[in-house]
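The chains carry the letters A, B, C and D, assigned in the order they are written, with residues numbered from 1 in each.
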Amino acid sequence: MGPVTFRQRRPLSWGDCDPAGIIFYPTYFRWMDAATWQLLADCGWPADRMRAEHLSIPLLDAQCAFVASPRFGDELEVRSVLARIGRSSFALRHEFVLAGSQELVFARGQESRVWARYQAGPGTPLKGTPVPDALRTALGDPQG
Amino acid sequence: MGPVTFRQRRPLSWGDCDPAGIIFYPTYFRWMDAATWQLLADCGWPADRMRAEHLSIPLLDAQCAFVASPRFGDELEVRSVLARIGRSSFALRHEFVLAGSQELVFARGQESRVWARYQAGPGTPLKGTPVPDALRTALGDPQG
Amino acid sequence: MGPVTFRQRRPLSWGDCDPAGIIFYPTYFRWMDAATWQLLADCGWPADRMRAEHLSIPLLDAQCAFVASPRFGDELEVRSVLARIGRSSFALRHEFVLAGSQELVFARGQESRVWARYQAGPGTPLKGTPVPDALRTALGDPQG
Amino acid sequence: MGPVTFRQRRPLSWGDCDPAGIIFYPTYFRWMDAATWQLLADCGWPADRMRAEHLSIPLLDAQCAFVASPRFGDELEVRSVLARIGRSSFALRHEFVLAGSQELVFARGQESRVWARYQAGPGTPLKGTPVPDALRTALGDPQG
């Protein structure tokens, strides 16, 4: 069994576009961040559980390649899938396509993050901690 | 027949919150703007028609009163309804409630806008033009 | 002695503009928020002091009237001044003008806020507490 | 002569931070975009010239590695420098450091862009066009 694909719909709003009438590129990173948190919620770690267990997911790096430019009014589908997982870190690939289309790809991004715990309560320094097995399984990690 | 209520769901994302863990207040205005464009699409004026007909909806003023603070992970419903309509201007009321709740109101906002046309193509000065009758009807204007 | 005017320069960035090539209006509210925190820093309450003393400044309401539209590349000056102050609440007026100009006003906004303390540490509920006299004086409150 | 370093100061605002109290990472990409446009202005291509000559700078890709996390109230310096330049494309490296510090690096990013012209006026498709020699020289391109 391979990695699971998580999907979200995103209409491209007026305010997410720039004077060229197309997506303002940092919007993709905002959406990757939101897609990641939603994916965790879908896997059993919603916001209130993350908060209650003093967990967060700080970034190591993020990147995106831009292939074509959606315009105001387009609806996008964000497809997120596990790209790599280690003991306490993981990477997700996010693909942005025209909703309802199989072929029109707008952008391809990736985020690397740490599964981490606040050491002395919210707002204190974060320290990596092992990714739970149940999360590995939910993400479709073949080694999970 | 009274004004029609338009509804949209909005999950409150991590990046829409501030260090207090609650909504960063300009997010409400971003959502009012997006709700207004979505309402126009629902009424028959989607993005591509607005573009093709050289129409836009510049603001006169906007306001919001904050009653309670949603936190990261809450899902909100935005309820938008016509508050006032003139020859070429209109005001919408936007109410933000906890999705699935009838009672928990987070905020109440209002935007006044002009129905306007670019006088010499996109990006040129905008000039007010009469709100179309079909739009008045779709909004539930009792005089429409 | 009247209220003190606090000034900040803000270039209007590409990403703060919309497909009409002008300011995306929620940007004004982001700038009002930033101007308010900067004003507090100028008055002796910078970020680290606010954090150390468990203080925050939640909003009651915010509004803005839009007079003219700056375009990408314009530099604005934000002029912030005390409009009203009570025991534990205060309102600031923010005026947005073309930098270097006395006359070209783009927008006029106002925010009402509470001077509040987290009751049991950061992220816990906030409760209004009296505005310090030194802050009243720094703001130029005639009753301060 | 090597590449020229362009510098900008950026206070980290309340609204640019997330519930962990640190920078919301897409903020870095917003700042890279703003730094790039400012760099062009410094080199002789300000917003009004870009507009008048129907030029824009669409992205090919963007990335950022996150080393340490600035908090609300920190002031950052963005240092931007040419990383690579071709006939009609160029890449900029952006480094984010604590202002006034030589050593505390928060993040290191890079953007690849095309120097492009709207083929039939603003909002129409963009096509790559040679980077002007005067811009190459201003950027400190050793081949310029």
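We adopt the following convention: contacts are C-beta pairs under 8 Å (C-beta built on N, C-alpha and C of every residue); 3 or more make two chains touch, one makes a residue touch a chain.
Note that this is a predicted model, so its numbers are computed, not measured.
Peer 1: State the pair with the higher C-beta contact count; candidates are C-D and A-D.
Peer 2: A-D
Peer 1: Looking at A-B, B-D or B-C, which pair matches A-C on over half of its contact pairs by residue number?
Peer 2: B-D
Peer 1: Averaging only over C-alpha atoms, locate the centres of chain B and chain D and give their separation in whole Å.
Peer 2: The computed centroid separation for chain B versus chain D comes out at 33 Å.
Peer 1: Between chain C and chain D, what is the separation of their C-alpha centroids in Å?
Peer 2: For chain C versus chain D, the centre distance works out to 28 Å.
Peer 1: Centre to centre, by mean C-alpha position, how many angstrom separate chain A and chain D?
Peer 2: The mean C-alpha positions of chain A and chain D differ by 24 Å.
Peer 1: Identify all positions of chain D at which a residue touches two or more other chains, and write them in rising order.
Peer 2: Residues 14-15, 19-21, 24, 26, 30, 33, 72, 122-123 of chain D each touch two or more of the other chains.
Peer 1: Within the complex, which stretch of chain D touches chain A?
Peer 2: Residues in contact with chain A: 19-21, 24-26, 29-30, 33, 56, 58-66, 69, 122-123, 126.
Peer 1: Using the touch definition up top, name the residues of chain A that touch chain C in the complex.
Peer 2: 14-15, 17-21, 24, 26, 72, 122-123
Peer 1: Report the residues of chain D in contact with chain C in the complex, numbered from low to high.
Peer 2: 11, 13-15, 19, 21, 30, 33-34, 37-38, 41, 46-48, 51, 71-73, 122-123
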